[in-house]
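Let me begin by presenting the structure, written as structure tokens, before commenting on it.
A, B, C and D label the chains in the order they appear, each numbered from 1.
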Amino acid sequence: MMLCFENDYSEGAHEEVLKRLVETNMEQLPGYGTDRYTQAAKEKIRAACGCPDADIYFLTGGTQTNQAVISSMLDTCEGVVAAETGHIGTHEAGAIEWAGHKVLTLPQEEGKLSADVLEEYLSGFYRDANHEHMVFPGMVYISHPTEYGTLYTKGELAELSAVCAGYNIPLYLDGARLGYALAAPQTDVTLRDVAEYCDVFYIGGTKSGALCGEAVVFPKENTPRHFVTKIKQRGALLAKGRLTGVQFDALFTDGLYLKIGKNAIDTAEELKRALREKGYEFYIESPTNQIFVVLEDTQIERLREQAAFSFWEKMDEKHTVVRFATSWATKMEDVEKLAALL
Amino acid sequence: MMLCFENDYSEGAHEEVLKRLVETNMEQLPGYGTDRYTQAAKEKIRAACGCPDADIYFLTGGTQTNQAVISSMLDTCEGVVAAETGHIGTHEAGAIEWAGHKVLTLPQEEGKLSADVLEEYLSGFYRDANHEHMVFPGMVYISHPTEYGTLYTKGELAELSAVCAGYNIPLYLDGARLGYALAAPQTDVTLRDVAEYCDVFYIGGTKSGALCGEAVVFPKENTPRHFVTKIKQRGALLAKGRLTGVQFDALFTDGLYLKIGKNAIDTAEELKRALREKGYEFYIESPTNQIFVVLEDTQIERLREQAAFSFWEKMDEKHTVVRFATSWATKMEDVEKLAALL
Amino acid sequence: MMLCFENDYSEGAHEEVLKRLVETNMEQLPGYGTDRYTQAAKEKIRAACGCPDADIYFLTGGTQTNQAVISSMLDTCEGVVAAETGHIGTHEAGAIEWAGHKVLTLPQEEGKLSADVLEEYLSGFYRDANHEHMVFPGMVYISHPTEYGTLYTKGELAELSAVCAGYNIPLYLDGARLGYALAAPQTDVTLRDVAEYCDVFYIGGTKSGALCGEAVVFPKENTPRHFVTKIKQRGALLAKGRLTGVQFDALFTDGLYLKIGKNAIDTAEELKRALREKGYEFYIESPTNQIFVVLEDTQIERLREQAAFSFWEKMDEKHTVVRFATSWATKMEDVEKLAALL
Amino acid sequence: MMLCFENDYSEGAHEEVLKRLVETNMEQLPGYGTDRYTQAAKEKIRAACGCPDADIYFLTGGTQTNQAVISSMLDTCEGVVAAETGHIGTHEAGAIEWAGHKVLTLPQEEGKLSADVLEEYLSGFYRDANHEHMVFPGMVYISHPTEYGTLYTKGELAELSAVCAGYNIPLYLDGARLGYALAAPQTDVTLRDVAEYCDVFYIGGTKSGALCGEAVVFPKENTPRHFVTKIKQRGALLAKGRLTGVQFDALFTDGLYLKIGKNAIDTAEELKRALREKGYEFYIESPTNQIFVVLEDTQIERLREQAAFSFWEKMDEKHTVVRFATSWATKMEDVEKLAALL
């Protein structure tokens, strides 16, 4: 039996989520997100965000959500600013460009975009004379956790938010793995903080216990006009909106979303402890559910026979960075088995 | 308790489909459609189509599928030809135009595009001198059943196919409700016929027993290059490909997809019989699961209190066309109750 | 020697326009429309329009201008409403769709869109329930003269303007041949009226004495943000902005633009008089420089040996509609020679 | 009187070019590039390229040409590879992204993309496992001269061409200033070499003696289908094709295009000699008509009163890189005056 640490979307839905899908399955509900479960999910998310007036929409996946949000908020001559490691600029197959917009990349540190780097870029852009022939920065994209599993602090989010406000452009947070960020012991960022500092963000379901689904939140009465039509136009409106509605209703009942996150963090912490103990070199110190470690190539070959994990990048001739990912579904016993193999 | 005839996507998934989702839920599977259930589903669909080499992809919804297929197959200066009632030109929020292509509309009869009308348009286009300043017809789109529930005959499909072949453009069939077409007693069109006469088509799941999901079939080794990347680029690639894979695996096991269709047809036939008996005027003679009837406005008001159905269009000052839709989930007893109310 | 009535862009530039290009040729001027001739041209157009605050931009051709204006003013889920004969929907190779927007076509009469038809469509759109899945009407496009050479009256423009204002969408006038509209004896529409009733329009140069160039006018402080950048992004910003600036400066000096139009009208009137006298059937009564006449096919063949004109459409088995176009450059003696041949 | 070294498009057209525009002005010619001057220009360019079968199209400006060529040759999921200083990725306002494609940037040296860097990127792309979620490299873009005025050698072009051929993607050369490249004394690259090593390129007119106009050359029977329609669709087809046809006919008569280039080079060489003599530091050694020099900020202020030149970038607190550009129109006496001021 293979030990699976390849990613955080290997299983289906969390049992509570699945149970609710089963229980509500034969209810006759109106389509396109007008059903009562979708409404209930929205209410629960509003409460969790501390934003009673937030506008919320459910989409199916991360790339789709990024494309719909970004292309609905940018003017045609604007691009979206992102760290050069940002998912939208690297592994979304050009979804943003297909929608007509440039991803304007900036240097990053451990996957994070700093307020200083952002401010320097924006002030430079507006200081230089010839920006009329350049793409205007119309939005800032960050991911939390980042593609390296790292986290922004509350202070860093506040700073980024202030820079964006200074240039009157929205700050957008990609929360594909937000559940794992919120559950990290080191973080001082709550969901309410995200809602306070960001102009739009999404709460990822696909990687946190749902079969599919991401919840886009506009916390500040800043929803783009006709956003439902724009979702439809981008092929992203589910006829059976219940599919995402019921799942998010379950995820935001009794704090399940945070609980789910905690399991991923606890198992990741245990795995990191074991790796540290055995003297492995970490490629990056990630406080969330993605662990980047340097392994010898020969060891990788052996390990592959009993465990699944991801190739990240070549380190040198004999070493490779690999990623182990835990999730809401990871069992502690599997972590122990993996540790024993290492 | 409301009688629900509003559409064919009011319930969740067929119980067999849901059961398979539940049974496979905790299996650890690779992502993006590389899992074994997705592979099995493809094999079963190939068998059902009689196309052992067909290339198959699973997407989430109809508009998304139309956008992905059409924009992946057209050259930039080409448009897609459709009946003026075609779904892509009317109720998909401009998804095709957003992807850069014009929908070239032709006159229709009961929602159908005839080979004659198509041939006349195409021959005219290439006869006229100034087509260099016009959008080139690059594909033909039909829906089966049409937006009015009507069906092409095998002969009509063959003719359309021949016209398309004559101009070297693909024929694309939107099968959002294909299950209900195949189950209609009047039809002489089988799934194998669809695969023979069309260059690309999709088998609709959302309206036929799945929570979501459409299966795109390229029967003739004519898949666009890098189609997975194009799906991803359009925001349409599910991380948990199992969601659609498991469902279509179930739908194409033991002929479930056709069985599901039959329930919709049987209940629709019974409702039509009752309506006919009571002397109602049919707006169109639909052989599938959508019934278009003319009702008095006063009657509509009364009926609305106990049954849900769709407004279609105003007929005259006192009459309105409404649509009753049955589905895989419709119960014969609900049809009887509705008939009693009418 | 061939008599040329094929179109109104057969010659180069009007001699006054060319003269100014020659005179200013070696002056060293800044690029991208920041030169003094471009500024002077803008001032003269503002004066001619009676709009001291109008914002003006010069582009190269009609399709380019339509694409830049429409795609800069529409929201992503909006389309542009046009008569079904409108140039943007027929002979611009899908330029609007390539930019992501649908052309929403309405019935026309002699190429004109009526306020009633527009009002009926718009009120219907907002009355119906399901418009969330449809393309929103975001702008109205008319051409003046129309593609059939016909003209709106001042009253008709006022009505269209009022309907647009009622739905808060801009009215856009394509003035590719505006010079010929303004010079028509039957018209009661002045350039000031156009500027009053339209939210944006362009004054065509290519067909009225310029080598190239169209002047886009935003009369109401409603220029899209970063419009220069949007022009650049659409490949429509000339490095040597002087090319259009000098030409429009010449065209709007001493009323040249209107004088130019008058020659086209005078020669067209003479040709129409001769055709009428000889008993020819007019396909449409056009008050401007395009004349649509029904000819016998045998006559067309003979005439083609000595005169160039345009095929318009087949009338019946033996007759064809052809178009004779006059222009700023048409000589009265050529009209007389053509009349003698007819 | 200001000395103008700001750019190479400050004057109108070369006198020979203008003369031909004047001489042919009142000839009645068919539109859209079907006139005899356009045909003659094409023949002359074919001869100059040594490609009797080359397919040639005239567009108006550089950004427009890049957008039309790149978006007509790429598949939807492909991007164009360019040096990070490439014009398409920096100063074209996102024209490529607006057309749906990503600019994939690679490190450069003095504005040049090396075959090694390209090969490493391409081999890496196809070696890595997860490229299905990434933008495919579908074309390589280089500019010659580059944005820094530097030149590829014949050997370097051959190497880039071989790498592209190895991956079956076209090599596209942006020749906005090609005339100045061909006239540089250090170069071993001829127009025939460009036609041999590139799959598509354009010969710039706007910066080399034309009022506007770029000639796109497909030397290898590889013109995209319906390219005229694609040009029209992108708003780039001139009604009066004569405007570019006549100009390129003149530019390619009696070697004018190369002669024009030589003046720019001779004046640039003289300016460089003077600068070197006076001990100025060159930011980059450019063999063409753009000279990048480091000046003290105080000196810049003084110089600005008598000469126009371009700010390039800040060097340090007290120094700035500026650009002096010569052109076909630069007078040697102005160079001497400028040298005297320095």
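FYI, a contact is a pair of C-beta atoms (placed from the backbone, for glycine too) under 8 Å apart; a residue touches a chain by one contact, two chains touch by 3 or more.
Remember, predicted model here, so these are calculated numbers, not experimental data.
Novice: Does A-D or A-B have more contacting C-beta pairs?
Specialist: A-B
Novice: So which chain is the furthest away from subunit D, centre to centre on CA atoms?
Specialist: Comparing chain centres, B lies farthest from subunit D.
Novice: So how far apart, in whole Å, are subunit A and subunit D when each is placed at the average of its C-alpha atoms?
Specialist: 42
Novice: Distance between subunit A and subunit B based on Cα centroids, please, to the nearest Å.
Specialist: Taking the average C-alpha coordinate of subunit A and of subunit B, the gap between them is 33 Å.
Novice: Please set out, as single numbers or ranges, the residues of subunit C touching at least two other chains.
Specialist: Residues 76-77, 92-94, 98, 100, 132-135, 229-230, 232-233 of subunit C each touch two or more of the other chains.
Novice: Show me the residue ranges of subunit D that touch subunit C in the complex, using the header's touch definition.
Specialist: Residues 2, 4, 6-7, 9-13, 15, 18, 21-22, 24-31, 60-68, 92-95, 98, 206-207, 211-212, 229-230, 232-240, 242-243, 329 of subunit D touch subunit C in their complex.
Novice: For a test of understanding, state which residues of subunit A touch subunit D in their complex under the given definition.
Specialist: 76-77, 79, 90-94, 97-103, 129-130, 132-135, 311
Novice: Sort out for me which residues of subunit C touch subunit A in the complex.
Specialist: By the definition above, subunit C touches subunit A via 32, 71-72, 75-77, 100, 132-136, 225-226, 228-230, 232-233.
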